[in-house]
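Shared chain: chain A. Partners: chain B in the first complex, chain C in the second.
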Partner chain A sequence: MSDFKVHIRERANNIYVLELKGYLDAHTTPTLEEAFQKMLNEKKFRIIVNCKEMSYISSAGLGVFMAFIEDVRAGNGDIKLSDMSPKVFNIFDLLGFPMLYDIVKLEEEAAKKFDAQ
Partner chain B sequence: MANQQTYKSTLTIPSQTERLNDVREFVAELARTHGFVEDDINKIAIAVDEACTNIIKHGYAYAPDKSIVIDIVRKGNDFEIIISDNGKQFDANAIHSPDMKDYFAHYRRGGLGVYLMKRIMDKVEFNLHSDKNVLRMIKTLH
Partner chain C sequence: MRLRKILLLLGAFILSAVVFFINAATKSVDLESSFLQQVRTVCILLSYLAIYLFIIIIKKEKQRGIVQSIGAVALFTGIFLASYLIISLLPLNGFKTRDLTLFPQDYQTIFFSSIISLISGVFAIVVLLFIKDLILYKRKKTTLRNFLILVGSLLAASLSQLMNKPLEETVISKIFTVIAILMIIVNSFRLAWIAYLPRREKIYSLLYSLLAFFGFLVILIIISSEEGGWTEKGIHYYSSALFTFLQLTSTLGAVYFGMSFSSTLFHLPTAEAFDRKQTEISSLHNLSRLINQVFDLKDLAETATKMTTEVIQAASVWLEIIPTEGSFHKSGLMSYRNISVEEIETILSGDEKSIRKIICQTKKVLMIDDVGADKRTKHLPKMKKVGSMLVVPLLSHQNVIGILYATKEIEYGFDQDDVDILSGFADQVAIAIENARLIEKSFEKERLQRELMLAQEMQKRLLPQQLPQFPTADLKAVSSPALEVGGDYYDYVQISDDLVGIVIGDVSGKGVGAAFYMAEVKGIFQSLAKIFRSPREFMIKANESLVTSIDKGSFISLIYSTLNVQTGELIIARAGHCPILYISDSKQEYLKPDGLGLGLKTGKIFEENIQEKKIMMKSGDVCVFYTDGVTESRSPSGEEFGYERLMDVVSTNKKKTSEEIKEAIIQTVWNYTDAKGYHDDLTIFVVKWL
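Showing the complex of A and B:
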């Protein structure tokens, strides 16, 4: 069975980090959907998704990001992604996701971008 | 002929998303054995994951007691994956590749599985038979 976990961590300036770990596929997407829904319910719109320990993503996983980006931006926030392995980044890149999403190397860069807003 | 040597391996799984990891491990291990580099191994595993996810979701409408058969055949430099199911017929040949600019502009969701399969594999072919759907995907070793 695919193993996937989300850990939510708070940073300064109302920034929240979703740390993803494991395999994000059609079986595990509800875990990430719940985490994003919790952020929206609590009106936490400044979100960094730290992908350092994410080993895999399929289109089902990409779909979760599509489901929440509009609402998050409507709340004057953003979903920024960081710390992706080349293997995972290649899948985002293959479908052109950097056109819509701010994908940075390190979590600190994403935090600085939020701080500058 | 030596370069036409054929290798075949089969995995049958029940139509459950919790088995996607088993499918990926099966395909990845064989792709590695046959000499693909790590990035290609990951991509081939994704293409097969996408195909099985579509069958579970659309072909079998999440009925958990159906079967999906995954055959891996090596012919010359071609690594061929044949996925068969008995679910609802689905002509993915008719699916057009999305315009991603438009896709993002309208915050669309879903519908990227077949496109991803086509981007990753060298050949993707859906065949409808009277009793089953057969998907053939080929990645050529260079």
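Showing the complex of A and C:
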């Protein structure tokens, strides 16, 4: 079975980083859903998803981002994605995610963008 | 049967009449051993034989229980005594005795002698037959033998009187009488039926036995008295054998029912325990039978608590099912009697130290003799119903799946027997719960399977059975779902003579839900394609329709293209789907016009981001539409098939027909994944310009 983990890390200025690790598909999406739901419940809306160690994302995995983005933005926050491997970026790109999400090279860039707001 | 009864009765009557007439005719004559005397004797014997056969038939018609039989004997004894006394009181002249022979004084005496003799005979035979049933109840090897010896000696003692004068007693008859009495005593110990009577019936049997015992005693005293009335002489006169028979039968009755009375009396104290064991066995039997018939757990729990209440006479009983992992079954309180939910909650309160917790941990029977004093329960508020408690776990594979509780008002109300009974019930109910669970699981599985089959069937119908063939373009497609139901979709629509619309898509998620979205996409595609000829416009409208109906977090990636089969113009719009592989003589590339997946975003953002791409297909050009199942297939080592390999295989096979190109791709993917790695749906649509 493919392995997937989410680690939540806090940065300065109420920014929270979700570090994704492994293979995100229909079987592992509940883990990510829980993490997002936890952030929403705790009203933590400034979220960076660090995809450095994510090896794959399936369409179901992409759906998770779609499911939460509206609520996060309604709370005056955002979900920014960073540190994607080219392969993972390609999947996001195919679906047109760059048009919907702030996808940046490095986590620092995303943090700066939050700070600038 | 009816005819035989009438014949027997008639025979007995005629024979008795003959005896009467002989008696009347020889009123004052001593017949000694004359021929007439022998005729008379034979007539008497035959008449009783007829009566015996008649009684046997009558008795078979109605089966009686043990207690009813004893009651019947007591009743017959009463009737016999009454009629005997009434006849005794008749003002008759009676007999004169001379030389041990009796001479009736008038015809009435002869007549009533016959009557009382007949009654006596019938009575003796009936009594013997009833006692026979009692003695032979649960017979052993020797029982029948002993009884036959008894009857034999009885008859021998009686028949040996046949040739005597009415009042004469011979040595032979005395010997047989002694043997008969011995056998009466031996047979009177045959009282096997007593133990099996329920308590209530034992009391009746006690009463009837006593009545019968006294009845027989009185009969014996009356007929055996020295200075008796004319009636005893009447029987002697009629037949000495009959007199002896009656005497011995009455002795048997008195001894037997005397014995039965005292024996029943001794059995009474243990009757209750015996009853309880009986109920216990029968209720366990009932419960286990029920288990094979009732699959509704609620019913079963009701039965179990009802039986518990009845059998161990508990003040209140309840049964709960403990929720276990992976079970579909409802849990919680299944049945309760003589107690309210609030009271139960109070009793089971105290999270960590509650009785429920104790049972779940120990998995053993818990008996609390004094609820008010026991350290496990003394913190509970006083309740009248709850003086003592007996709690039994329902175990399945060493897991507590439920608990059966019983309480009694008094302290120390339960004993080891109750523990045994309740444990028995608990075992049965545990099996039943297990059965019910298995059945429910298989139902659930079957239901899901049916649902999947339905969806699979639906999905198959959503895909086109055949693609159209054109002289200019060769179209071939294949789709194989990863699970029983996949999310891939392809289709075509003939927009006009020249224009054919081609669609390929992938619904996020899999299974039944994906299949329904697919159906929606098909509906949208078939209707919109003919209205909006521009693929870009089509996509915008399709998105509008889908975005409102699709789940948040779900989306559909789609490629829609129109192919002009006259000119070879192919216009493509891509909504988040895998890029199209385009291979011509001069170049090979992936076409990837911009576009968001369908259902992600409403109106404007989608509209702003979707583009169209136009190419002109020339002879030998190949276009491959596919889903990510192709490029994301993995080798056993985990490496993706990827775009390069796809391009290579199509490029190598580009001279071949669409069918062959399609097969080549599948074969290559198959070989690559080692045929095991089909972890996603896989769909391929090949267009080759001829």
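Simple rule for what comes next: the second predicted complex is superposed on the first by the 117 of 117 C-alpha atoms of A that agree within 3 Å, B and C clash if a C-alpha of one lies under 4 Å from a C-alpha of the other, contacts with A are read in each partner's own complex, and residues count from 1 in each chain.
Here, a contact is a pair of C-beta atoms (placed from the backbone, for glycine too) under 8 Å apart; a residue touches a chain by one contact, two chains touch by 3 or more.
Because the structure is predicted, anything quoted here is derived from the model rather than measured.
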**Request:** Specify the outcome, clash or fit, for chain B and chain C once both structures are aligned onto chain A.
**Result:** clash
**Item:** chain B versus chain C as contact partner of A:Gly96, first or second or both or neither
**Value:** both
**Prompt:** Once the shared chain is lined up, is A:Pro86 touching chain B (first), chain C (second), both, or neither of them?
**Reply:** first
**Message:** On the A-aligned overlay, A:Leu62 touches which partner chain: chain B = first, chain C = second, or both, or neither?
**Reply:** both
**Item:** First (chain B), second (chain C), both or neither touched by A:Asn14
**Value:** neither
**Asked** Counting residues of chain A in contact, which comes out ahead: chain B or chain C?
**Response** B
**Contacts on chain A seen with chain B and repeated with chain C across the two complexes** = 26, 56, 58-60, 62-63, 66-67, 70, 87, 94-96, 99-100
**Fill in**
The chain B residues in contact with chain A across the complex are 17-21, 24, 38-39, 42-43, 45-46, 49-50, 53, 56-57, 100-101, 104, 107-110, 112-113, 115-116, 119-120
**Fill in**
Residue set of chain A touching chain C in the complex reads 26, 56, 58-60, 62-64, 66-67, 70, 87, 94-96, 99-100
**Item:** chain A-facing residues of chain C, complex
**Value:** 487, 506, 508-510, 552-555, 557, 575-579, 592, 594-597, 600-601, 605, 609, 628, 632, 640, 680
**Contact set on chain A toward chain B in their complex** = 1-2, 23, 25-27, 56, 58-60, 62-63, 66-67, 69-70, 86-87, 90-91, 94-96, 99-100
